[in-house]
Amino acid sequence: MADLKVKAMGMQFKNPILTASGTFGFGEEFSEFYDLSLLGGICSKGLTLNSKPGNTGIRVWETPMGLINSIGLQNPGVDRFITEELPKMKSYKTKVIANLGGNTEQEYLTGIEKLNNTDVDLIELNISCPNVKCGGMAFGIKSEVAFEIVSKVKSACQKPLMVKLSPNAENIAEMAVACEEAGADSISLINTIKAMAIDIKKRKAVFDNVYAGLSGPCVKPVALRMVHEVCKAVKVPVCGLGGIMSAEDAIEFIMAGATLIQIGTGNFIKPNIAIDIINGIEEFMDKNNIKTLDEIRGII
Amino acid sequence: MADLKVKAMGMQFKNPILTASGTFGFGEEFSEFYDLSLLGGICSKGLTLNSKPGNTGIRVWETPMGLINSIGLQNPGVDRFITEELPKMKSYKTKVIANLGGNTEQEYLTGIEKLNNTDVDLIELNISCPNVKCGGMAFGIKSEVAFEIVSKVKSACQKPLMVKLSPNAENIAEMAVACEEAGADSISLINTIKAMAIDIKKRKAVFDNVYAGLSGPCVKPVALRMVHEVCKAVKVPVCGLGGIMSAEDAIEFIMAGATLIQIGTGNFIKPNIAIDIINGIEEFMDKNNIKTLDEIRGII
Amino acid sequence: MKTLKSKILLNEKVLNNIYKLVIEFNSEIDEIKPGQFFMLKTLDNSFLLPRPISVNDANENTVTFLYRVEGIGTTQICKLREKEEIQAVGSLGNGFNLNELNGKIAVVGGGIGIAPLLYLTKKLGNNADVYLGYKDCVYYNEEFEKYANSVTVITEDGSSGKKGYVTDYINYENYDAVVTCGPEIMMFKISDGCKAKNVSCYMSLERRMACGLGACLGCTVETKIGNKRACKDGPVFLSEELLI
Amino acid sequence: MKTLKSKILLNEKVLNNIYKLVIEFNSEIDEIKPGQFFMLKTLDNSFLLPRPISVNDANENTVTFLYRVEGIGTTQICKLREKEEIQAVGSLGNGFNLNELNGKIAVVGGGIGIAPLLYLTKKLGNNADVYLGYKDCVYYNEEFEKYANSVTVITEDGSSGKKGYVTDYINYENYDAVVTCGPEIMMFKISDGCKAKNVSCYMSLERRMACGLGACLGCTVETKIGNKRACKDGPVFLSEELLI
């Protein structure tokens, strides 16, 4: 029998499959489809210190095997997350990851301090959201800038810290190394790719913000390449995501070196996809006589 | 009646639709499907000074609405292009664009000199091919490096010079500005996005080179965003491409600011797609009472 | 638990680009309220996001949908045949609250917006006055006859029923509540009419959806108490709550 | 000019995952040679690249294909019905040169590799000895009986015909040329057999293809005179030219 357990950042995950920030709410909606305790973990919707209403106008748009979104970090703020959402999330009996975004250093630091005193298992630092004006992604383009912010956050942070990279970074491997050097306990990637759509009938950009973030199966080949590059460049565990829709996709990321996996857009396409993927990985391992994921991780 | 003619770089194109380098051979194969003189122009397969056998192993791989290729610039070399292919290309009575790649500055410069003395209409400088070891793309990542090579090529070049950018550039707008400052008469983008695929049964990267280039409908939202960014940043005409499969797609690129359009992977999906697109643009213009493309170009 | 997949019992053209789809559904698993919807998708990869389609009718063992073929998704869905499987996730959304719909009710549908109103009319038990507005071709009005107190058909070109817009034919003051689904411009005209006469107006809104579950926050509806999700907090809203 | 699109006359299961597809084709537009293929694709976007499938038979007004459902593309193609349209670009490739196939010819197919050999056998005019190798289930052998001098069926498990591998049953020295299509391992065993007896061996190679037209250079076959394109310069190659 295959053993899907994963050790990383001093913790044990039941299996490598987490659900990605912004694609799973705070979990509740999916508890109508399956038992969430079967998951390796759940990332919260991207949080900011104060609540945010999100962007105006159209927020989601389908493209060939992809989704462009411009949600704009609509969220209840860290305080309400802690009082209202976190207790529910903890009740699902799986790892709870708080995804934290911010516009300023101070926002990040105050957010971290508040999360320190909770039973969040892990903090995912979002320096990569393309959908808020001066938000998040500004920190995720240049390695030097990322190094600064991650260093400061790390010294304030009492939880394991995973830094989520943007595929829009100038150099993804360099960026990962900068975050590792700044103290990141883990790297996750990719966030969405900056993209655009035009409504030719209206002669207007689809999104009020003009640019927005692309995700889904269409980005998988790019995400896999970046995850592979980063796995070769850093020693900390890497959490791979981007377009994963099947156990085969997930195994590709593991073979590329990923320790953990996140499922994002896939949750929209098939609400129980994460469970299909967990089961599919187990089947693959059994069929190929693979006992633990260590046997295939990073073999490419 | 809509007028599709386009003036750019001191030339007149019958319409904005060119076929992209590497996806149209030297044109011959498509003359069995339609009259090539209907096209705005044809880009040659990527040429190098000396002939190249291309890469070993698997060269093409399908992904969700995308194609990863690792051809590796297989081509007959500039000399044989000039003697064997160019005369045929010129006979199609449309603009002939020679796409030139290279590994070293000297290779580019010698190639340019040879092409100067031919009746090629335009040279597309490929500083963006991800599929050859130290080839092309090295010049297309950092703006300073691109500025150097483009400046030198420009002073040697007696033809209009279009520089083809890589989406893997650190900063696409900066890169375009650098090329414009170096003397480029036009910018084309995007080349393929660096990507990867793994064959989990064989536990191996699909491509001998591990990484290869992604194209097709899946990249369109990213290509459109980059074309828009570049059109806002430079004054020279921009040739937009990446995943264009329909007249609507092409019109999105024109509204984003593109003067010319290239069709790449689409030629594989439907051999006469370029003609469908030309006709579709004309229909759209007639239906919307648009007389020339200037009326809608760059309105976003 | 919500259903994820179902067998198709029928998928046939009603008229032009209007189709009727019937799937197997076990009402013991989940009770369906009028105004709720399902997210539908073919099992292949011919498109990515599931498409929201309202429940047109429901029985113990089946759910019926009435849908218009619009673009790529519905084109693929309409090709599915009997006995094939379809991904049908539901039932979703708040639906109409029948407890709030007491007294005399007007049910007003425009175009394909009539789809969710049949099941509602049925649940209202032969009480509602139904107004159905079409551009030209009329369909499904006879189904409403079975369950309505009255059915008024209005076509823009006058080719069937009365001529003009539905909004020309409703006397708001006759009703305790008006329920509507159709083009937003129609619904807002109705909500203005209701407001003037102090009649509650419930409308079923359409928004682009990615998940349909409440998870993506893609389907925002601005209300007086902040952003709401059309899929989870709606699609039915009391018009006076809206900020549109 | 090449054909781009055709009407489907028949698309039905032959056995298990083996299907037969017949499309309309006007032989006056383009003459079809045995060994040529078409690039097939559904008109929707359920997959991207057209799939290369050999001509199994051709008449004045039709082309027949025999194909095995393997992955996403063939799964979608097998769902198409009579009267629907299919994107069928062809005919493509060099095909077998009938002028070179004189004297006594052995035609050797393995699995779905038998597909292009039927039309070839027909064109060879009741002269060829046909060897058909299958894993277990036998299909289409009776079609070959119509056009062949002899047909030998071989199954790996011996459940029909002779038991073992096709390569066990060919006396190369009896032939002037051997033509083969099937798994590469089989074809190379045959080419070795031919070489030993100085018999010409023609094989139809499979490569991943993006365009099928000769434009993308994705389907490389390494030969003694450099890289060739399986689609345009092949798919038929004389084995002694190959560098594999």
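Which chain is which? They are A, B, C and D, in the order written, and residues in each are numbered from 1.
Here is the rule we use: a contact is a pair of C-beta atoms (placed from the backbone, for glycine too) under 8 Å apart; a residue touches a chain by one contact, two chains touch by 3 or more.
None of these values were measured; they are calculated from a predicted model.
Among the remaining chains, the Cα-based centre furthest from that of chain B is the centre of C.
A separation of 47 Å divides the Cα centre of chain A from that of chain D. Chain centres here are Cα means. That of chain A falls 35 Å from that of chain C.
For the pair chain C and chain D, the distance between mean C-alpha positions equals 52 Å. Shown for chain D are the residues in touch with two or more other chains, namely 45, 47. Shared contact sites, meaning residues of chain A that touch two or more other chains, fall at 64-66, 216-217.
The touch graph of these protein chains is a ring, one cycle where each chain has exactly two neighbours. Taken pair by pair, the chains that touch are A-B, A-C, B-D, C-D.
Those residues of chain C that touch chain D in the shared complex are 44-47, 72, 75-76.
Across the interface of their complex, chain B is touched by residues 63-66, 68, 170-171, 193-198, 200, 203-205, 210-211, 214, 216-222, 224-225, 228, 243, 245, 248, 251-252, 255-256, 284, 296, 299-300 of chain A.
Against chain D, the residues of chain B that register as touching in their complex are 22-25, 28-30, 32-33, 45, 53-54, 58-62, 65-67, 69, 71, 74, 216-217, 265, 267-272. Note for the complex: chain C touches chain A at residues 1-2, 4, 41, 45, 47-50, 87, 89, 208-220, 226-227, 232.
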